[in-house]
Amino acid sequence: MKPIVSIIMGSTSDLNVMLEAAKILNEFSIPFEINALSAHRTPEIVMDFAENASKRGIKVIIAGAGGAAHLPGVIAASTILPVIGVPIKSSNSIDGWDSILSILQMPAGIPVATLSLDGAKNAGLLAIQILGTSDEKIQNKMIEYKLELKNKIIKANKELSEIKYEYKTN
Amino acid sequence: MKPIVSIIMGSTSDLNVMLEAAKILNEFSIPFEINALSAHRTPEIVMDFAENASKRGIKVIIAGAGGAAHLPGVIAASTILPVIGVPIKSSNSIDGWDSILSILQMPAGIPVATLSLDGAKNAGLLAIQILGTSDEKIQNKMIEYKLELKNKIIKANKELSEIKYEYKTN
Amino acid sequence: MKPIVSIIMGSTSDLNVMLEAAKILNEFSIPFEINALSAHRTPEIVMDFAENASKRGIKVIIAGAGGAAHLPGVIAASTILPVIGVPIKSSNSIDGWDSILSILQMPAGIPVATLSLDGAKNAGLLAIQILGTSDEKIQNKMIEYKLELKNKIIKANKELSEIKYEYKTN
Amino acid sequence: MKPIVSIIMGSTSDLNVMLEAAKILNEFSIPFEINALSAHRTPEIVMDFAENASKRGIKVIIAGAGGAAHLPGVIAASTILPVIGVPIKSSNSIDGWDSILSILQMPAGIPVATLSLDGAKNAGLLAIQILGTSDEKIQNKMIEYKLELKNKIIKANKELSEIKYEYKTN
Amino acid sequence: MKPIVSIIMGSTSDLNVMLEAAKILNEFSIPFEINALSAHRTPEIVMDFAENASKRGIKVIIAGAGGAAHLPGVIAASTILPVIGVPIKSSNSIDGWDSILSILQMPAGIPVATLSLDGAKNAGLLAIQILGTSDEKIQNKMIEYKLELKNKIIKANKELSEIKYEYKTN
Amino acid sequence: MKPIVSIIMGSTSDLNVMLEAAKILNEFSIPFEINALSAHRTPEIVMDFAENASKRGIKVIIAGAGGAAHLPGVIAASTILPVIGVPIKSSNSIDGWDSILSILQMPAGIPVATLSLDGAKNAGLLAIQILGTSDEKIQNKMIEYKLELKNKIIKANKELSEIKYEYKTN
Amino acid sequence: MKPIVSIIMGSTSDLNVMLEAAKILNEFSIPFEINALSAHRTPEIVMDFAENASKRGIKVIIAGAGGAAHLPGVIAASTILPVIGVPIKSSNSIDGWDSILSILQMPAGIPVATLSLDGAKNAGLLAIQILGTSDEKIQNKMIEYKLELKNKIIKANKELSEIKYEYKTN
Amino acid sequence: MKPIVSIIMGSTSDLNVMLEAAKILNEFSIPFEINALSAHRTPEIVMDFAENASKRGIKVIIAGAGGAAHLPGVIAASTILPVIGVPIKSSNSIDGWDSILSILQMPAGIPVATLSLDGAKNAGLLAIQILGTSDEKIQNKMIEYKLELKNKIIKANKELSEIKYEYKTN
């Protein structure tokens, strides 16, 4: 199957974080591709990638980067696809603030959908929700997924209620 | 025409910022609706809104809020639609940091696509890009839109080149 | 005994922090209950919880959450009881700033009494002080408690005075 | 009527902010007093105030201060009453961060219920909620108050729906 | 004369700030050019610009941008010339922090010489110092320039000494 | 009378802030001098100043600066006198954070006594307290000064008590 | 010998940091005392301490505290002695920002000489410099101390020069 | 060979970070020297160093420091050479913010080319780019260096493409 989501990261050192996006796409049976390409080391490859993604059948791009994280914005500049940005708290990042602000604060005209620090799983889920806007099957899977999340915490809460304290009462 | 994008804000004082989303949707001829509903003052109406948005034909939700900005996250909790969050630097906000972090840092499972502070125009554009993933006409308009952005700055640059300095040379 | 304080947290991973509230309530013989319910995964259960807490005899709610910490505010939206918020420095938090600002910066009309980062013990003590406003017995216990705090540090100070330095003189 | 809530501020320059607490208490017919006393200029008066507040019939203390805002914590040190702290963005404050952190980050044993920057109205409402824990009449007024908040935004939302845009549809 | 310094900014709204670089270059008789080109709106023109700057005789590039300020880094990616970055506190910037971090925190391999917020004058001076490393005439002018700075403050200090206070003594 | 306190600032644009130090020294009849000398524009004059201050009879140095505020630290490096630093929120400062951190975070061995942002009045008072450690007359004046501060707020508080609210009671 | 410097900390958990002040005082043969007293747990003892310090012969007070660090300010309120504040990055502190701002941002009238985070050694040195303003012997020791600091780094620099790199040349 | 780049650091504890600059200079066969001299402990040696660097044949100075990092600015004050500043996250630094702001926010007239936190490698590369402005051989080496960076990530990306996921497709 041809990939419809493209995961891209600025460095292979970001792989551990970005795999969370891959896993959730896998769980939803969404075909995807993974690349590590740097806006600063391979700018023309990144630009080619961005310009051709739509023609290759890609529908959503997930881009993760740390530090002065230009990758998501640089890709958004050269595509009309929705670009999802994942700020990464890499070793060369100042507690993640640089990554967040470099991705979030894009100028008017070139949006990047920014997620939480290291939030690659949510990036995958947002890609799935975007695909779901024109695919009822995906939407139904998402309904199930949210039900599971709910049931998991209800179950955890039940276990919690069995801990005993002298004055605890539920 | 039935709305397919829903713009919602936590307070009518956010209207000036959020109208930028409305304007760009208008420019792309995307039917939309606008509501002001508070996650804290009308929680059950917000929950109803979120639970029923998909059934009413809404495909993307744009939610703006300031301060402890819970509205986008509370809506995302009760819908499977993509939710776009706009942090607003309202009068009760600490330079916008509270709004940004309250929207951005959602837990795994419940993504909110966060845009820049007061970035309602980009929220509208992201909604359009999302709709474009299944609508070629919208994508073509987006290509034109980006071309215009480009031409505008090229023209501005030309005007710049006519300013004269003694040692300025282009 | 029916619980009069309700401790609630956004995830069971917050349990270690929130147990400090339970322990101090136990020490003051205040009956309480503990729940883990998420504003984002189980929104309608949280709303039910908040709407019915007062009718069930609860007098004070202590809510802890990390990251985009909406739980205390979402509960405060649907109850007239005092809600005490505990920002938690969870793994998905940016040094705790997101949790603090998401809880602290509530809009006018819906207060959340916010305590220090991971300050669950103080949340328990504040709940006790609130109950004490209409219960002299609790107030008397609080007087004793503060006396103990005082005596503990006076004793520690005495031990300190026995360390000898050449020019140290007390 | 004897006051049961005491509003105290570090300087009369904080009066404009703190009057919001007075107004909401007035609206709920809660008898209160207002004082301006400084933890740094009149420390022994503040300590006397704190030690005797409970005996004088005060049930809740609301303390506002800016900059290195020690007043709420210093009062909390010498009373067993619940102390509500209002960080104030005064002229000598660094965007309010100093006031917030000086009030919020109290050590274990001495809680201060902290509200949003300049959040004196919410301080008044929290005091009312605390008094409501033992006074059903107050609780009933609070129910009405929240209903009004709700109706106000529902009405504002209705007015919003009458604005016409070409593609706006609700 | 062919330009040897190239000033580039992300938007013509940055012109007022960036003119300070032009003025100081003018003062030192360094031939320069000015362009407004956006890394996000005209990515391929920016890349062309960067790739060809050296061939066109440019020796130093000064790039200013605000918000998610990618321009200096994107240029640095495609040139071997020294790139000087000027973070700009534009209207869409969060007090300048986003601009600073987006420019400063470049990954290893692709340096950007970052100056203070709105520090375009210092950017011009740094460009002059760089040119001075191989041009003694420029270095001599710089020595004079620093002497002037010194004399200006010595003169201001003298004027200060004439203000009289009762107990002031110099 | 020969000056015993030396006020120094990095630029005459800091004069308005630093005059607060001069005024309070005047009020206490402490002879002082004022200079504007820059650590960056007149480094060798600043070093001379610092090395000779003690010999000239100066007992305390008050140094104010904004932005990358090196002046207090550079002076502290070349004197054995106590150096009091005043961070100034000048136009080239990022909300004062740069000034504060540049002065506060001195390495072990070279202390600078840092005061609040724009806190020149307190700098003057600290200088007076330091002189008071060996001069009982100054200490007695300081006792009076603190009494005045106290009486001023007691008087302001009295005026406050005359404002009438329906339910206000003191 | 009677102590002339008093070291005080908010909790014995701050002892490790504050001992650096004790060590340097010892090195300079300055008699001192150490106490652990909390502004929040033993307010009246702290006030007594502050009011009587001068009468007991104390000349300088060094106060260290973490989190909402009120101790230095509360002491400064009740003494006319110079108070040196040491912000401590304790376990309940938000990266030290709370401690720094709670100590630094004192209101006009009540200065606290603030040092760097965990900067107890510099606090001791500042106390020594203050005592030196009226004691030439101490000043002479300080001159020697600074010479040692200088010689230590000159020696370290010499060792550095012996490391060999291919193109390293000194 | 006589050194043309001078690496200087505030303390030998910064050596590990600063060696990255040395290594890259070595790789480009640029002769350099390394010194550890403190702006605060050896101010007059630092000033001598800065004043004479140009005469000794130095063309670029790289200065690294942590905390209140005055070294780069103090050197820039006394030389007309380009000064590159490396903020260091030393043990006495507040997450690096103090080092960054102390170096970055230099006043108009005295630029310091600031690099990322601990970015000594990029400091070396910037020095090389500066030397390259008048040395084609160096520029050619830099072209090769950037090609290597590019090939390294292209190779890493190829390896990435061999990882298999069920729905991964490239």
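Labels for the chains are A, B, C, D, E, F, G and H, by order of writing; each one numbers its residues from 1.
What we mean here is this: a residue touches a chain if its C-beta (ideal position, glycine included) is under 8 Å from a C-beta of that chain, and two chains touch if they have at least 3 such contacts.
Predicted model, so just to flag it, every value in this text is computed and none were measured.
Visitor: Applying the touch definition from the top, give me the chains sitting in contact with each of subunit D and subunit E.
Guide: Chains in contact with subunit D as well as subunit E: B, F.
Visitor: If each hop has to land on a touching chain, what is the smallest number of hops from subunit E to subunit H?
Guide: 1
Visitor: Among A-B, B-D or B-C, whose interface repeats E-H's (more than half the contact pairs identical)?
Guide: Match found for E-H within A-B, B-D or B-C: A-B.
Visitor: Would you identify the chain whose Cα-based centre sits farthest away from the centre of subunit G?
Guide: The chain farthest from subunit G, judged by C-alpha centres, is B.
Visitor: Averaging only over C-alpha atoms, locate the centres of subunit A and subunit D and give their separation in whole Å.
Guide: Once rounded, the distance between the two centres reads 40 Å.
Visitor: Cα centroid separation between subunit D and subunit G, in whole Å?
Guide: 36
Visitor: Taking the mean of the CA coordinates per chain, how far is subunit A from subunit C in Å?
Guide: The mean C-alpha positions of subunit A and subunit C differ by 34 Å.
Visitor: Mark out which residues of subunit F touch at least two other chains, giving numbers and ranges.
Guide: 11, 38, 41, 67-68, 92, 94-95, 97, 100, 104-106, 108-110, 116-117, 119, 146, 149
Visitor: What chain pairs are in touch here?
Guide: A-B, A-C, A-E, A-H, B-C, B-D, B-E, C-D, C-G, D-F, D-G, E-F, E-H, F-G, F-H, G-H
Visitor: Applying the document's contact rule, which stretches of subunit B touch subunit C when the two form their complex?
Guide: 10-11, 38-41, 43-44, 47, 67-68, 70, 73-74, 76-78, 92-94, 97-98, 101-110
Visitor: For subunit G, which residues count as touching subunit F in their complex?
Guide: Checking each residue of subunit G against subunit F gives 54, 59-60, 80-82, 84, 100, 104-106, 108-117, 119, 121-123, 125-126, 129-134, 139, 142-143, 146, 149.
Visitor: For the complex, give me every residue of subunit G touching subunit C.
Guide: Per the stated touch rule, the residues are 1-3, 11-12, 15, 22, 25-26, 29-38, 41-42, 45, 67-68, 92, 94-95.
Visitor: Under the touch definition given earlier, write down the residues of subunit B that touch subunit E in their complex.
Guide: Residues in contact with subunit E: 95-97, 100, 116-119, 146, 149-150, 152-154, 156-157, 159-161, 163, 165-170.
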